[in-house]
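Each of the two complexes below includes chain A, the first together with chain B, the second together with chain C.
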Partner chain A sequence: MKFEIERASLLKSLSHVQSVVERRNTIPILSNVLIEAAGGKVAMTATDLDMSIVESVAADVGQDGATTTPAQTLYDIVRKLPDGSQIELAEEADGRLLVRAGRSQFHLPCLDRQDFPITDEGDLPSRFDIDAPALRRLIQKTRFAVSTEETRYYLNGIYLHTAEVDGVAVLRAVATDGHRLAQVDMPLPDGAAGIPGVIVPRKVVNELFRLIEDLDGPIAVSLSDDKIRVEFGETVLSSKLIDGTFPDYQRVIPEGNDKVLSVTAKDLIEAIDRVATVSTEKSRAVKIAVEKAKAVLSANSAENASATEELSVEYDAESLEVGFNSKYLIDILNECEGENAQFWLADAVSPTIVRDGDDEGALYVLMPMRV
Partner chain B sequence: MNMPPSIRAMCQDCGAPVMDHAQGCPDCGSPRIVTHPELATLTIAHVDCDAFYAAVEIRDNPALADGPVIVGGSVRGVVTSACYKARAFGVRSAMPMGRARALCPDAVIVKPDGRKYAKAGKQVRGLMEQTTPAVEPVSIDEAFLDLSGTQRAHNATPAQTLARLAARIADQVGITVSVGLSYNKSLAKIASDFNKPKGFVVIGRDDAQDFLNPKPVRIIWGVGPAQERRLHAAGLRTVGDIAARSPEDMRELFGGMGTKLAHLARGEDNRQVNTARHQAKSASSSTTFGSDHADFETLKSLLWGQCETLARRLKRADLGGRSITLILKSSNFKVQTRSKTIPDPTQLAEVIFQAVLPKLLEAADGTKFRLIGVRVSDMVPGDDCDPPTPFDPSAARRAQIERTMDDVRAKLGTRAISKGLNLPGRTPYSDAELE
Partner chain C sequence: MSDIRRLPDDLVSRIAAGEVIERPGAAVKELVENAIDAGATTIDVRLDEGGRDGIWVTDDGRGMDPGELTLAVERHATSKLPTGDLTHIETLGFRGEAFPSIGSVSRMTITSRTAGADQAWAVTVDGAQVAAPIPAALAAGTRVEVRDLFHAVPARLKFLKQPRTEFGHAADAIKRVAMAFPHIAFSVADGERTAFRYSAGTGDLFAARLARLGQVMGREFADNALVVDAERDGVRLTGYAGVPTLNRRNAQAQYLFVNGRPVRDRLLLGAVRGAYQDLLARDRHPMLALFLEIGPEWVDVNVHPTKAEVRFRDAAMVRGLIVGALRHALAEAGHRASTTASVAVLGAARPGVYPGGFGGGGYPTGGGGAQRALAAATEFQSPQGFSEGPPTPFANSNLAPAARLAEEHIAPDEAHPLGAARAQLHATYIVAETSDGMIIVDQHAAHERLVHERIKAQMAATGIARQLLLSPVVVDLPESDAALLAARAGEFEELGLVMEAFGPGAVVVREVPALLGDVDVNGLIRDMADDLRELDEALALKDRLAEVCATLACHSSVRAGRLLNGPEMNALLREMEVTPNAGQCSHGRPTYVELKRADIERLFGRR
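== the complex of A and B ==
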């Protein structure tokens, strides 16, 4: 194998694939990136056995071939080479990989490509296209609520499925950690009708979000019951899905909440942040006392510190006091695009709904705390 | 009967001032007289119950009074408390039960009854708190007391008040205590330990150094077997040996601990009697098996039992924690711990169990274990534990099952209901359950 490539394109592709590689690996070859050169293209693959990313990039291929070399080291080398360099990669007689640019020269150890695990995805029967910004929105507004608790593995991802809202089919992403829930809908993309409901693991969601951060065009999503493949440009991400049943979340989204509190999201975030400074570190509780046109935030600590702040709001129902975890509240408000956030309250102990004034398709549910 | 500072002797049993101690107490006739030049001015005390658990057992069953009594675990376990007769045979707390039996074959062995001791300990604490508001509990059966400023209220010097407190404890709780009186906590603690049982030892400013000098280093607060070995290796065998070194020298040899030791060896200790209620830092439950176990399933069911016991204690104390630790002791007495931090603090057995189960799976590699336990730390009030999880009905249901089981137990007793998990390989009584 031998090819020449421009530093910028190699760096971009490597940065896309290398983050899949786990920092500590018990299986040596999983630390490596698979490099395959053929027909004027170089494909790079990294995997953690559950998920893999393949990215192809054009290169001046002198001799076809393939090998694997430590992903992190190669990435660090390419990162440190001067901008605009032309990099030559070649397999050497002693089995090592030569990396040469200008006057720099590196020899990296290789492991046989035959040992690199390539997962056969098989047939993924469902396939639809989704625009990158739409997919970003689904991920961005739900991923903060994904549970990190391993015992609830079935909550360790975003539940992607179809649903119906007022007779209209939507594609819906839901995430919850049991205490709060985020639900975001979008018009059902062509071809997405009848897809299986799948739980996309947290790591996949985060990698995908990073990969499509600056993208505009369509993204092809293929699904089966247990696998997902996402393709765009020269990049393919494929992964196993979480094998579990997502809880029937709809049953616990309240319907009768009728007390509506409208507030400027930005002001509320800042006020919460201020009063929560004194709240007991471990609970981070903040209390909101609402009455006509006014809300008073308060927090206190076991060490006798306390704080209050008054906020102008739109509210026309009976007075109410309700406590929340301030971090959870800020997480939700951070995703509100518009000026206004709307709280749909029932009482001090029932789940509260938060809606984004400018995004009807987003809905958050938050459990009050005892305060 | 206020004692003027010139008086240097009092009756240990009633606190009456005594002029001529050869005659015994003029008020009650007791021959036990405490004399010390600074008796009227010292205010910091350490009060420690004598062989507490054993004493409570003997109180409740006077037939035990004649022979040696050991309180300790059932099959294997260790000695939790031994009366002074048993101690004469060399039996000590924390000694493996087998060794204790060998040393003292005639001893009557009593299984510990934690509830009984907690009740007696509370009574003792109550009497202390009636004596002075400045009580710093060290454990269930000992505490530091600061009696400065109580003279007027009791119309007696601190020494007299302490003598009366000891008498009231003997009278109302039925057990004896030893009192150490000095001018700081470290010396008070050394004093209370010096003449057990029923001791009343006074260490004053003038005699502290003479008192300490010939004593082995082990009597200093914080010196255990390991520190003792290090001190011995440096040629320091008595407290006087340490006091002869400068704090700087000691610091060079033993770091920060060295400085502390240098001060304590000089009778210097500026720690206050701290009345702030101690918030428990951790809670744990463990059991030593009748025979060693290596099998995962067996260990798992034993672990579940400990999780239940621990959860019961946490719920009773209205506390919970976020950090869960599995504790294992292998048959060669090596202790290993594995911790896990969970997102929401808990007091539920189910959540504690699920957190440490993967740790047990890692640890159960065929090694034979003699003890398993679980600890919860990073404590928070019960109200902050297990926030409702309405959007995860399966977790909510598990929590609900446990709360329902708690309700059934509250009504019908601990053994009224249990999970099937308990059944295989379950030992009928673990140490912890007898708490």
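== the complex of A and C ==
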């Protein structure tokens, strides 16, 4: 194998694939990236056995071939090479990989490509296209609520499925950690009707979000009951899905909350942030006391510090006081794009609904705290 | 014809004996307890070949006359249940099983002489055969001789361990009894030599007991034990508890006695765990000896063949008493840490031997530097200012390898047991001079403990904030576990966990402590159920809360490597003096060690 490639394009592809590689591995070859050169293209593959990513990039291939080499090291080398360099990669007679650019030369150890695990996803029956910004929105507005608690593995991802709102089919993403829940809808993309409900693991969600951060075009999503494949440009990301049943989240979304509080999201975030400063506890709690057209935020600490801040709000129901984990509140409000956030309250111990004034399709449920 | 038949009497006896006498040590224990019940003040025990060949137990108790002797070897014959009421057991024995049980599996001779009788009588039991009493020679008291134990029970004989091991078991049994009766003298010998001899204790019960505990559990324990003395509703708990820094890998060194009877009871062990919680790492165990005096009607000792377990009528009260008494004793001890560490320090501190002799050769100051450091710390006089920057050991022949301070000269006095800070070493350890020695404080460990205690106090004052769960978590459990948990739901609510029974075999959790964050509710509940079942105390929940507190404490406390000035160091010492449990970090390691002046003098051969 031998090819020459421009640094920028190699770096971009390597940065995409190397982040899939776990930093510490018990199986040595999983630290490696598989490099395959053929027909004027170089394909790079990385995997952690659950998820894998393949990205192809054009190169001046002198001799076809394939090998594997430590992904992190190669990435670091390419990163540190001067911008605009032309990089030559070649398999050497002693089985090592030569990396040469200008006057720098590196010899990297290789492992046999035959040992590199290639996951064969087979045929994934459901397939639809979705625009990158729409997919970004689904992920961004829900991923903060994904649970990190490993024993409830079925909450360690975003639940992607179809639903119906007022007779209109939507594609819906839901995430929850048992304390709060995020639910975001979008119009059902063509071909997405009848897809299975799947739980996409947190790592996949985060990788995907990173990969499509500045993408505009359509993204092809293929699904089966236990696998997902996402394709865009020259990149293919595929992964196992979480094998579990997402709980019946509809039950925890209250219906009868009728006290509506309207507030400027940005002002509220800043006020919460300020007030919570005095709280030393790990779960910084804030209390919100609402009355007509006014909300008073307050927090205090066991060391006798306290803080209050008054906010003008739109509110026209009976007075109410309710406590929340300030981090949870800020997480939700951060995702509110519009000027206004709406709180649909019931009482101090029932779930509260938060809606984005400008995004009808997003809904958050937050459980209060007892302070 | 029926297949069911009645077993012969001697077989019945041997089966019964099997339950009580499982090894020589058990026979020894029964015999020693008999001697104690007979009012002995001196008990001598000898075992040959670990008790397999022969056991001799001699006491100076009240003795038996020939008639009593014959009766004593019959099953269920006893002098000890005068009222015939099993709910009023005030002696160690009560079943009347010891002599017949031992007799049925050995060749036993009991020789006894009552006080005032003109001669002794002896009765011999061989298996099921009882011979008539014959005259014998003995001073007042009783001697029981047991030969060829288990000769009639080959199966048991086969499973006996090495003589040394069996002797060890017997010695342990006697030690336990000896701890409970400090006013009785004990001696134990094997075929060749006396293994140990405890003289009869003098003085009041506490003094005698401490001396005896020191003999049995080691000097170290006696030096580091705190007095426990508490009473509630007529139940009295006395004894000694080791400071947390004196800990062991297992709970072997925890001796618990109920009315003088050694027991190993999960309730008692659990209460001990609960009391020492967050003073000790989970896998370390304190040393202690506790004696519970409780009205015989409040405890059932007749639940276990060898009486190793007991049952309390009001278990919650007993647990509360033990936890309360231990906590109180530990809190009173406050900052006291084990002297064990300083003993080790003494061992390590040897006069420096450098090439070229003392004070010469490669090091300009040699061992003198260390000497001078100690001298400077103990006989500090002139104010010298606090030297900044990293110390340079041995670089300057006049300066000790320490940053000295004297911004404010505080004289060590009795009111400040941790003394006055004199220097900081390696930006990590504070050296303080006390009225009768010096102490070295690990600044991070000490401050971490202080912050930990403060956080705990705050948590207790403000209550634990609870996060409500979006959907309650239902945890399926064995029915008994679910009932155990549900019964203590009120207690858990105070700790921030709200749960209730959910049908017979499940509990439902509705609120969790907010500071645990995204917690594995299922795992937590299961751990709590395990702890409740094993130790009668839901340690898992407290452990996790404590862990969070400890992490928090660790992050907000002064680290090693931070230079402290005089007032800062003194403030730390003063706060340690008034903070409970400041003597050890959350894992039972000491936060400071103390060197008595006498120890220092010994180092230099002044004593």
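The rule is simple: the second predicted complex is superposed on the first by the 370 of 371 C-alpha atoms of A that agree within 3 Å, B and C clash if a C-alpha of one lies under 4 Å from a C-alpha of the other, contacts with A are read in each partner's own complex, and residues count from 1 in each chain.
Going forward, a contact is a pair of C-beta atoms (placed from the backbone, for glycine too) under 8 Å apart; a residue touches a chain by one contact, two chains touch by 3 or more.
Here the structure is a predicted model, which is why all the values come from computation and not from measurement.
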When chain B and chain C are modelled together on chain A, clash or fit: clash
Which of chain B and chain C A:E303 touches, first, second, both or neither: second
First, second, both or neither for A:I5, with chain B first and chain C second: neither
Touching partner for A:L160 - first (chain B), second (chain C), both, neither: neither
Partner chain in contact with A:R152 - chain B first, chain C second, else both or neither: both
Chain B versus chain C as contact partner of A:V198, first or second or both or neither: neither
Partner chain in contact with A:I269 - chain B first, chain C second, else both or neither: neither
Touching partner for A:V252 - first (chain B), second (chain C), both, neither: both
Superposition clash, chain B versus chain C, among 75-83, 147-155, 291-299 or 363-371: 75-83
Chain A residues contacted in one complex by chain B, in the other by chain C: 147-152, 176-181, 247, 251-252, 282-283, 325, 351, 365, 367, 369-370
Touching residues (chain side chain C, partner chain A) in the complex: 458-459, 461-462, 465-471, 473, 511, 514-515, 517-523, 548, 552
Residue numbers on chain A that touch chain C, as the complex places them: 147-152, 176-181, 247, 251-252, 281-283, 285, 302-303, 323, 325, 349, 351, 365, 367-371
Touching residues (chain side chain B, partner chain A) in the complex: 322, 342-345, 354-355, 358, 380, 383-384, 387-396
Chain B-touching residues of chain A, taken from the complex the two chains share: 147-152, 155, 176-181, 247-249, 251-252, 280, 282-283, 325, 351, 365, 367, 369-370
